[in-house]
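Chain nomenclature is as follows: A, B, C and D, assigned in order of appearance, with residue numbering initiated at 1 for each chain independently.
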Amino acid sequence: MSATDPEKPVPEAADLPLREEAATFRPVAPGMEGHVNRYHQVLDHGFIAVKDYMGDDLSILQMARMSYGKGTKGLNDDRALLRYLMRHFHTSPFEGCVIKLHVKLPIFVMRQWVRHRTASLNEYSARYSIMPDEFYMPRPDQLAMQSKDNKQGRGDTLSAEQSAEVLAILKDEALRNFATYHHLLNADENGQPLDEGREGIARELARIGLPLSTYTQMYWQTNLHNLMHFLRLRADPHAQYEIRIFAEKILEIMADWVPVTTEAFRDYQLEATRLSRMDLALVKDMLAGKAKLEDAAAYGLTKRETRELADRLGL
Amino acid sequence: MSATDPEKPVPEAADLPLREEAATFRPVAPGMEGHVNRYHQVLDHGFIAVKDYMGDDLSILQMARMSYGKGTKGLNDDRALLRYLMRHFHTSPFEGCVIKLHVKLPIFVMRQWVRHRTASLNEYSARYSIMPDEFYMPRPDQLAMQSKDNKQGRGDTLSAEQSAEVLAILKDEALRNFATYHHLLNADENGQPLDEGREGIARELARIGLPLSTYTQMYWQTNLHNLMHFLRLRADPHAQYEIRIFAEKILEIMADWVPVTTEAFRDYQLEATRLSRMDLALVKDMLAGKAKLEDAAAYGLTKRETRELADRLGL
Amino acid sequence: MSATDPEKPVPEAADLPLREEAATFRPVAPGMEGHVNRYHQVLDHGFIAVKDYMGDDLSILQMARMSYGKGTKGLNDDRALLRYLMRHFHTSPFEGCVIKLHVKLPIFVMRQWVRHRTASLNEYSARYSIMPDEFYMPRPDQLAMQSKDNKQGRGDTLSAEQSAEVLAILKDEALRNFATYHHLLNADENGQPLDEGREGIARELARIGLPLSTYTQMYWQTNLHNLMHFLRLRADPHAQYEIRIFAEKILEIMADWVPVTTEAFRDYQLEATRLSRMDLALVKDMLAGKAKLEDAAAYGLTKRETRELADRLGL
Amino acid sequence: MSATDPEKPVPEAADLPLREEAATFRPVAPGMEGHVNRYHQVLDHGFIAVKDYMGDDLSILQMARMSYGKGTKGLNDDRALLRYLMRHFHTSPFEGCVIKLHVKLPIFVMRQWVRHRTASLNEYSARYSIMPDEFYMPRPDQLAMQSKDNKQGRGDTLSAEQSAEVLAILKDEALRNFATYHHLLNADENGQPLDEGREGIARELARIGLPLSTYTQMYWQTNLHNLMHFLRLRADPHAQYEIRIFAEKILEIMADWVPVTTEAFRDYQLEATRLSRMDLALVKDMLAGKAKLEDAAAYGLTKRETRELADRLGL
């Protein structure tokens, strides 16, 4: 569920007055204006909000038409040109669109997020400030066993009883860790001393016992080309659920921002597939009636590749 | 001189309808709105225009306050915080501002410009399109001899007679090169055949004889942090005049966009100076009355460093 | 033809003594050692040479195994793991290999090359130094008409007579441009004055009349991940011949450096193909006997997409 | 203390056979060869080791001389040229040197480290593998109170008694967190089930309760230009001790790798200082006997700037 949530106000740290509506000569994406400063809840204490953006579908075309110059007479159709750019991986026009997000997320998700290096970010600093007492607890339906066949994934969901036990343990530990944090700081969440008679240890040290589930915040800014790369990896079913749910929310926002680009992104990238040299040779011969899936090994496909090809082609 | 010049219209290649004024909830920089889509002439046939921007002085502060969180209670003064960021090279908040420019410039200037890699660009393609017959001719007061003491610089200006001769030669060659270009293409500037009875050679080949003075165009987009790096190098007196004049125009635009940042940029970077370990040791002792400039060698300064230090300190 | 060419010595500018063989504890790629400091001729006056490299197939695996940690027990086979990385676009392990090249190339090729921004480069500076009198002349079999159906490509080759005329024109112009360059500099190729009685104009100005066919030089360094991106675009049949021939030489060198990676790169990227969401739906139904190529429009493919799909699938 | 420590072997995950000494035609930095595969202990369970490198002082010069071409006749002295490059921030030649490190470090240090985006890294994945039971405990002499005047720093050291209490608490919590981790995984450090009768939860979930002090590992690779940027920030006294001690070790290694560059780096960057426009105006007048430090406000310096200038100039 997504809404301008009065219970999730902009945190004090970023508590500048919200901007009023104002006039601009810049490109405006009508579908995106409704997202500016609107906070969407993600996970139990997290959120995501658009703070600023630049560009729209038309400005991508304007960038592209610069390259093609007078040579583009034939490409009158904007939608066709945008789809052509996406299909042929002409990436630079998409770099002309930029998005700035305010994100609140658990540290273990942040650690995956920052692997995307072509972005700008400013994160809440636990050297300057006290971390709020907020940590991530999975919903019971997200608590799963280790997958047997996917080294990095989840398998079956836990029983209600097992879930309850796991969550109780995780919550108990996190609460204890935060209590220790405040004891070491000798400060409550607002920085008030717990015991006037003693000093707290340095914030940069007290934090080292906090769990990876602790929530942090950042401003994160990237261009649309790099955003699509982020989404290809993080909105993918193999991504960990806790980052995927952020990616899915961003994909929804993107559809309101650059709708034609988003449709092309789905058609030519997210829902496209790649055939290797070997896959291609086999499929060609299958279409020509000269081979069957059973012949895959003769074309150089491993068992795993054969299985994956069969899945993708519905065989 | 800078103006919305009716004789320098947006070139056909980018001939999308100009945007109307519209409402936005995003940050608006009032001083920058007047620059959007306004073309400033630079050099004889070049121009520079803001096509889009994101952020303002306040949004830099908002990025910065994210990092400092609740720890910034003392920094109430926005101007002071912005200057603090600049003074301490806290660069990431400046990355939150972005500018997109439309630039028309000679190819030899473009070749220096693209060395700044952390930017997005789309250039007019001479594989797709015919290059317009435009090339750069220096103004006589910019025609100078090779400097004797600066390996990469200009020395004395030419006499009026010498200038006239040089310009006549350069112009004659460029005109001949363009005539050959059209002959090889068998096409005029508008792509119409010169001689219906023959084929032209490929555009990607015909262009190889065009001079480095030929004008090209690009959209160029970068964030404010990288823009300041560009300006430190290209608005510097050691930069070649033909790129410096673009940089100076951008610096003017920047002052309208982010005035507080621009003032801090001048104070802490553009007009700041660096003292090496050796410079510093010498200056300390000079202030303490324990050394004179003549002692520089004993502090490890080379002759050149000594001369440069003397210049900077007005000795 | 490629050889250590005694007629193409390392240019004076880079004329440091060649390194002797020495002992190292670093990874050594035996097939690559034979390339170090060996100059391969490319085009009429160009060359390419490996100056340094880092890493080999094994070091890619070492990077990858860091991520998988103890979880990789099953992946004993090095070749299988490398192919898995390539197939799943796990790019960071490939960043651990680096190559440094010395390249001599025409300026119009350089202008395409520098669009690849994630690389380090140092180019010969025509502000500091006099450009040698070398410019690119296409071989007659590379002189082609503008393609009718490819806006950016070449069509039929010129007749012998036409070629001879075009080359004579291009050569005549370039020679004249270089003669003017030396006249304006008042210096020959070695910097000796042509006329003791007058001054030359600044090198940074004199060069603006040189043609785009002029040769320049650079050191260019990139990691293997970015190199493969370069090769995907520049070793592609749609790339301009004059950059493609450099890319093809680099691909040869890569095969000697990281042979297992190169094979996987061909199988999963260079010779792979992508099926869009619409392509995939059609192919699925064709394999199931439920559709024919003629039904493509009903699946959302444009005519061009249909033609391209037919080509790729041999239909 | 630094040594090839038999008690700190390369972890199993990266357990490829160490390379033998082999011959190469590439540049070899003799002082660096002794570091290859040598593990230096840092903090209680951390380490740093050079796995590979490329380039040396001479190869930086070779890169630079490419740019200067024939124009460098006067710069015969290698050391002088290297120092000139450093003094004038000619950064691209330094990009030609690359270092690859194997680092084991606490997660809260890793989180600072990854803010340096222009680097390649592969980190141990806690989705694939079980995290070893290793967490950081500060040495008592590093346990300090929150600084009063430095929002992000440490103040006085704790008493022996206080230290003992803090460490006992931190250790107790971390041990408990790891015990919970294994209970949730139902696996010991080697992946053996603790209780054959039940399933463990997914690794990617079990880890969320681990503390920020948990050790992780990575391969980290960057070029010398970006390494110096890292060192300017992280070997600085304002950096948190736990990352600074890694930076200091890297600076030692750098001095063995590129000794002339390291000396220049200290002289022109690490131990240099910057004077703002206002600082400079004041210092000029002080040297001319026209002003005193007390006049700082009239030159536009704030109290803090005045104090910092006085410190730097020994006034």
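One rule holds for everything that comes next: a contact is a pair of C-beta atoms (placed from the backbone, for glycine too) under 8 Å apart; a residue touches a chain by one contact, two chains touch by 3 or more.
Quick caveat: nothing in here was measured; it's all calculated off a predicted structure.
Under the touch definition stated at the top, subunit A and subunit D share these contacting partners: B, C.
Interface comparison, B-D versus B-C: the higher number of contacting C-beta pairs is recorded for B-C. Here the spacing of subunit A and subunit B, counted between their Cα centres, is 35 Å. Per-chain CA centroids place subunit B at a distance of 34 Å from subunit D. Separation between the centroids of subunit B and subunit C, computed from CA atoms only, is 29 Å.
Multi-chain contact residues of subunit C (touching two or more other chains) are listed as 68, 71, 125, 128, 151-152.
The touching residues of subunit D, when paired with subunit B in their complex, are 68, 71, 80, 87, 151-152, 266-268, 271-280, 283-284, 286-288, 300, 302, 305, 312-315.
Those residues of subunit B that touch subunit C in the shared complex are 106-108, 110-111, 114-115, 117-118, 125, 127-128, 136, 138, 142-147, 151-156, 158, 166, 169-170, 173-174, 176-177, 180, 183-185, 199-205, 207-214, 240.
Of all residues in subunit C, those touching subunit D in their complex are 12-14, 16, 19-28, 33, 36-37, 51-55, 58-59, 61-72, 92-93, 95-96, 98, 100, 102, 120-125, 128-130, 191, 217-219, 221, 223.
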